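Structures are listed in the sections that come next.
Both of the next two complexes hold chain A, though its partner changes from chain B to chain C.
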Partner chain A sequence: MHFSSEHITIFLLSIAMMLLFAKVFGELFTLIKQPAIIGEIIAGIILGPTIFGTIFPDSYNYIFNHSEQVNIALNGFITLSVVLLLLISGLEVDLAVVLSHGKKAIYTSFFSLIIPFSLGFLISYYFPNLFGIVESNSNLIFPLFMGAALSISALPVIAKVLMDLKIFKSEVGFIIISSAMLNDLAAWLIFSLLLGSISNSSGSVSFSTTITLTLIFIGFSLTIGKKIFNSIIPFLQDNISYPGGILNFILILGLFSSAFTEFIGIHSIFGAFIIGIAIGDSVHLKEQTREIVHQFVSNIFGPIFAVSIGLKINFIASFNLQTILIILFLGYLVKIFGAGIGSYFSGLKKNESLAIGFGMSARGEMGIILSILALEVGIINEEVFVALVIMALVTSITSAPFMKFFLKEKDKLKLDNLLKEKFIFFSTATTKEEVIFELASVAAKEMNLDKDFVFSQIMEREEILPTGIANFLALPHAKIEIKEPFIALAITKNGIDFEANDNNLSRIIILLLTPSNQNEIQLELLSKIAKTFENIEFSKKLITAKTQTEILKMIRKS
Partner chain B sequence: MHFSSEHITIFLLSIAMMLLFAKVFGELFTLIKQPAIIGEIIAGIILGPTIFGTIFPDSYNYIFNHSEQVNIALNGFITLSVVLLLLISGLEVDLAVVLSHGKKAIYTSFFSLIIPFSLGFLISYYFPNLFGIVESNSNLIFPLFMGAALSISALPVIAKVLMDLKIFKSEVGFIIISSAMLNDLAAWLIFSLLLGSISNSSGSVSFSTTITLTLIFIGFSLTIGKKIFNSIIPFLQDNISYPGGILNFILILGLFSSAFTEFIGIHSIFGAFIIGIAIGDSVHLKEQTREIVHQFVSNIFGPIFAVSIGLKINFIASFNLQTILIILFLGYLVKIFGAGIGSYFSGLKKNESLAIGFGMSARGEMGIILSILALEVGIINEEVFVALVIMALVTSITSAPFMKFFLKEKDKLKLDNLLKEKFIFFSTATTKEEVIFELASVAAKEMNLDKDFVFSQIMEREEILPTGIANFLALPHAKIEIKEPFIALAITKNGIDFEANDNNLSRIIILLLTPSNQNEIQLELLSKIAKTFENIEFSKKLITAKTQTEILKMIRKS
Partner chain C sequence: MFTKIGLAVSFSPTGKALLCEAKRLSDLTNADLLLIHNGNKTTETEIRLDDMINSVGIEKSKIIIDWVSGEIADSIIKSAEKNNVDLLLAGALEKENLIKKYFGSVARKLMRQAKCSVLILISPSENPQKFNKIYVSTDFSSDGERTIKLAHSFALLQNAKEFVLLREFNAPGLAYTLQDSTTIADVEELRNQWLLDEEIKMNFFIKELNLPILEPKIVCLFGKEGWEASNYAKTNKADLFVVHQPNQKITFFDKLFPHEVDYSFINIPTNLFIIR
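Showing the complex of A and B:
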């Protein structure tokens, strides 16, 4: 069986088409602030049997269903792509983060895993007909799979959403990320063992050997292996060609591990994922290296995989509304319930818990990869597959808006919500130090802090770079160990020199204190305040105000 | 025919092995200052039937000759790798450079193409038995191929060698590069048409159509296509995700073009190469973009291809010393003769012409890709293939040492070769200006330049950054329009303040003038001079010297 010139033509053409569609839709989705991968998956559905294959069946078959040779070559390339995709997902997992966030992370992780898994398992075990499965097969494969599919989270999508919402480094962000990591790890493990138990096609080892070797592999990779990488990586980064050398090192390890796990009877991507975690945990791995590997994989292998999903199946022909709605409902329910309960019990507020629940409901590419493998080995039928893909897409798209809605923090970040009458005062101060001390005293009283300490923190920042803006506004600020942002406002009778851009003396002095670990919030509030005062007429009016109430009203109306 | 779990295991394992060996040997060769690709090719010979396959035939067959499925999947991946490799080779071609270097480049390009091609053609036509071909086949295929194989140059390898020798931007460097570009373009064109004429396996179009479409494709790509890319690229670089967007744009275009050329009956890699030229010619393509594409391809696809060469064949079994020696001899002869004559006629010196001849003899991966394709379609047998690969390797390895040998410039870049007695004098100057004017006068007289002009050039540099080094040495320097570096030395009776690092006044004032287009030479000479004086005892001794002869002797011995 020869790989002829015609096969080469079609092979190259199909990859070119896949990349082209992936890129166009990926960019479009980036424009509307959605993860590119969602656009890429939709590109695949358009390019696949669902749309292109239905409208132009001949062209579709010529390009994407040409011959066994081309199919195998494409299959090989797609396999490689998924392996590399899981490798970089693994790199993003940082097990230390889970532990470092103590009770809250552990509670949330645990419940967001156990509840979806149990609910998924029980519902599919007792009501298989909900998923269009009529014959009562007594085995546990399908229920176990549904448990795993519902308990997985899409770490890459979730990370992207958190970054977009600027809460990646907030407490809620950390809890979501660490729970998602643990969910992924556990769900993959369960699923890989499941696959191992049913697909004996490699036939090389028995199931008990598979389990033993898997546990040894995980144990070794995440302890001794991790330590070895951690000591080799700095050497490689310094002594072989950079970035080529380290990139290759990571790819080679990923490929060997995936070949190994495939050989012992669990799926190749599990090996890539675990070794990714082991490598990514190294404190010596430069951020730049991580970024390069990421760019490398996500610019060709990622899109190729994403598009290939849609090529598998006709989504319209296998579209079963009932199955979709049930799985979609379950998809939200189990995570909101599981992750939400976990975080609520751990002491988070109700709205935060709901936000975490919706955030973790995003299944993204992780859920889809699981579904593809399950479809391939016959655990699920095409209708359930379509429903799972749609559930993964919908939950991923909705996670950001829902989180935004529940995290009222975002709305709280408004000047008029933070500023209260008691934090507004009229001052006769004549120097920077004087007025800042008055403001610091108000803040210190409110938050039970030492006022000299608060004062020194603000002055330290002020001395580096004076905070006079323009239009009579000065904006002294500091990051300190507090939970919520704090704003106080002084109207001074005398102008004070804060070295404003327009050389005017400042009359409206607003103090902004923000939690020390939340850089984005400080920046956002600073820019909001500056924006409020960008019109000089507003400043002039504010200065003439006679009472705190009047000032607050003006700011609310602005 | 299913791509089973076992196939996946072997597919991933074989890629991991290929990358691992490629990386190890590539790094080793980088260490000994050879292009990585040579190490990667040797890694393939070790991993292939020649060594690994002979010693452990079972393991070899299990990994690299496992089943049709794995072979096809690997084949697809390797095809993709070669296409991308040619794409980046095309990006490196800058047709404008050829024209901008006028007569010299055009002469050299022309002769370095026409002589190797004619000699290769004639010798293989009249003496096919030299290559072990006994049956007298009247057709022209083999002679035409040998013409193309001998006239090609390895642009990537040559560029690397020139950079290592620090003459990439010298006149000789430009001539070599521009000739290599033209050679590559022409040789690929000839060979692609040759392939088109014999392999009608795609069967889609007739040979005359192939020629017509090829010419249209080249014409279109290098004129209208080039203009279109040139205007699209800035838009893409600014408006879509960077670098992912532009990287994908280049890859997608490359893949479509290669599919197109494969379809019309010439090889896929020709399309990638031509479109690479068209894209690379865009003045708007950022250097960073070029670098990223390069990194992307050369870190996984490049090594995979390089290793795959050795996997094709047992180099020892097909080792025919006579064939190898003849092809090696021809490989050197035709290029030294062709490129050498061309550059000599164009007015370059004999040693420079010889250097160009040896430089252009490097066939690198280009010659090998040609040979692989020729082997696959049966134009050459395995013995000729092995000989061509060895010729490509040997000419690539030797090009740097030979060039170094003939470009005596490198040896001339020694202090004691440049410094002559008549350029050494004792001065009673007391100021910077005075001594620099004396030095400038010596230089101006020697080179027939205006001394005020030379003085002002040196002072301009001096005023930006004083050139006092340490150990009584000052090193005023300038780049001006001269052909050869110039050095003059003054020993001053009085110390002069050149603001040296050790705060000592300077007594040894060395003037260095270098050709204005040769940055590397200036840097090299500056560092050599500074190094000569890094021991203060040497400076002290030199200051006590009584005669020019004594000074020169001391410097020679240093």
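Showing the complex of A and C:
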């Protein structure tokens, strides 16, 4: 089959068009604070048979459906894109994180996998007609696929949401990320075996051989292979051209592994994903290297893949509202229920569990990759595919606002959530003891404690080391037997000597009381307060405030 | 600080060196010494042990010898517990081979399962030297607080020159954000912001601990928790790295995917002090 100059021209033109539209729409969606992937998929729908193909069928066919040769080349490029996307996803999967976060991560991972998978499997097994499937109940392929599709999560979308909500490094953030990592590993494993079983039904390698070889591949990659990569990576990073050398090494390994898993009868993506995990586990792989690999793949191959989704199908012709609503409902229900119940049982609060449930409901790119592969091998029809894509898009868009809603008012580590008008007062105290006693009295009244006891606890800490910070701020604090942190603020008319670092007398006295067994919360709040007052101009303005409302407003704005 | 130091004594090439190290620590802390010998008590072994003790110059009145049998690590742990040992001393190779990594070695078992603090020496000497550069892995838990206080007292006792508190933190999956419109510069900025936050928290933490005389130096590190601190201690040639003993029992999966203190237990970065 000859690949002529015209074929090359059309192939390059189609790639350029895909990248151009992906970039423009991706950026537009970023501007309106939505995941770029959604804009890229919409770009594909516009370029594909749904819009461009309907309005200008000849032009569409000339560019995106030109000839068998160009289609093969395009499909090859898209396959490479999917393989690389799975490779970089694997790079970030850190299974040790699940182990190091103990019960909470393990419970959440387990339930957010098992409940969506079981419900997805059972519903589609007993009620296939809900999805327009009319085959007999004995076919397990579709139910198994639905189980995997509902279990998977969109780590890139989730990570971005956590970053935007500034909870990436919080307990909730860790639990979501680590659980999603484990979910993805299990879902890809199930799905790859499923694809393996389909391709093997007519292939030369028996299914049992495929399973055995797959287990050997996983075992080798995650033990000996991982150790070998860990030894090679520092050598490559130090001795050959950087970042080209290490980038090549990762891609070469990814492509070899993909070829191997495709050869043994499971999909190539699985090889890329597993080898990604093995390479990513290396303690020597520089953060900078990971970032370069991610940038390389996600700026070129990610958008191409995203646009290709819309090129495959006419979304209007395959739009079935009933299937969409059912899949959308299931998409939310199973994850919110599964992840929510897991995190609730592990000891998290109701609002945090719901936030985790909604956070993990985002399916994004990963859900779509899974669906497109299922469509290609005939596990699902076009209507189910469209419904799954819409579910992936809607869950990705909504995960951030829902998480924000459930975490917003409840964040007990936010200064403006803790500090209330009734805990702010103006004082004429002239000594440290006087102002601390006034603050202790406010705290004791609010928490039904003995004010002398609270005062003695604060003074005990104060005597070890004075709590003057700088910029007129003093931060007397203590750990006592309370359930939630408490903050009160006094603006003193006279400066009081708390031995601050800048030798200024303190006029903004903030009392912080935290639960006795929670060091981290105390440190978190102390550092947040100190950061709020790091600018002396802010302190000066606060001192001149006339009312409690004014003070609170200024702190909220800071 | 310690009242009884335990040492699993053997006639291996490092046996005498470990005894010398035990003597130094016993003199330093004024603690008694318990020598645990796994094997039959015969006249010959008694004489050999006596000779070794005499050659090191330990006062007999400060020594108790416990003759034990059975699985080596278990018998040492039991003896230490029975005799109220509060510091167990042992020697270990810096790296385990693959088989020992997954199935365990004596020293690694002591590190994880001993009911008291454990000091692992990677190259014990018959002419022991004090620890001058003491690095401590820091977490903000009450165990972490106790570890730092004890390490600080230990540093003061031997007049250490450097006392460094290492604080690691990680954000797994951060690179994922690069797949969705985040730039490398954004990620870098966020990481620097986190570093700054951790430094502020560490400063408050140290203030709260109120460590006199030997002021600690703070180092915050971003990366794999457990490995970053261990690697930093090794790279900076610390001669003692202090961690607190993990509470959870190790499983096969922990060995397969090491995390936190596991890194230091698998590849011991320098002399390792595990505080319980």
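Here is the rule we go by: the second predicted complex is superposed on the first by the 412 of 558 C-alpha atoms of A that agree within 3 Å, B and C clash if a C-alpha of one lies under 4 Å from a C-alpha of the other, contacts with A are read in each partner's own complex, and residues count from 1 in each chain.
In this text, contacts are C-beta pairs under 8 Å (C-beta built on N, C-alpha and C of every residue); 3 or more make two chains touch, one makes a residue touch a chain.
Remember, it's a predicted structure, so these values are computed and weren't measured experimentally.
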For A:Asn517, select first, second, both or neither according to whether it touches chain B, chain C, the two together, or no partner. second
After the superposition on A, what does A:Ile177 contact: first (chain B), second (chain C), both or neither? second
Looking at the overlay, does A:Pro35 come into contact with chain B only (first), chain C only (second), both, or neither? second
Counting only touches as set out at the top, which of chain B and chain C does A:Gln295 meet: first, second, both, neither? both
Tell me which partner A:Thr430 touches in the superposition: chain B (first), chain C (second), both or neither. neither
Which partner chains sit in contact with A:Lys531 here, chain B, chain C, both or neither? Use first/second/both/neither. second
Which chain A residues lie in the overlap of the chain B contact set and the chain C contact set? 27, 30, 36, 292, 295, 298
Would you pull the chain C residues touching chain A in the complex into a rising list? 98, 140-142, 144-145, 169-182, 184, 187, 190-191, 194, 197, 200-201, 204-205, 207-208, 210, 222-225, 227, 231, 248, 253-254, 256-260, 263
Spell out the residues on chain A that touch chain C in their complex, using ranges where they run on. 26-27, 30, 35-37, 88-89, 91-92, 94-97, 99-100, 102, 155-160, 163, 168-169, 173-174, 177-178, 181, 222-224, 227, 281, 283, 287, 290-292, 294-295, 297-298, 302, 365, 464-465, 517, 519-520, 522-524, 526-527, 530-531
In the complex, chain B residues that touch chain A: 1, 3-6, 8-13, 15-16, 19-20, 22-23, 27, 30, 36, 68-70, 72-77, 79-80, 83, 199, 201-204, 240-241, 243-245, 247-249, 251-252, 255-256, 258-259, 262-263, 265, 268, 292, 295-296, 298-300, 303
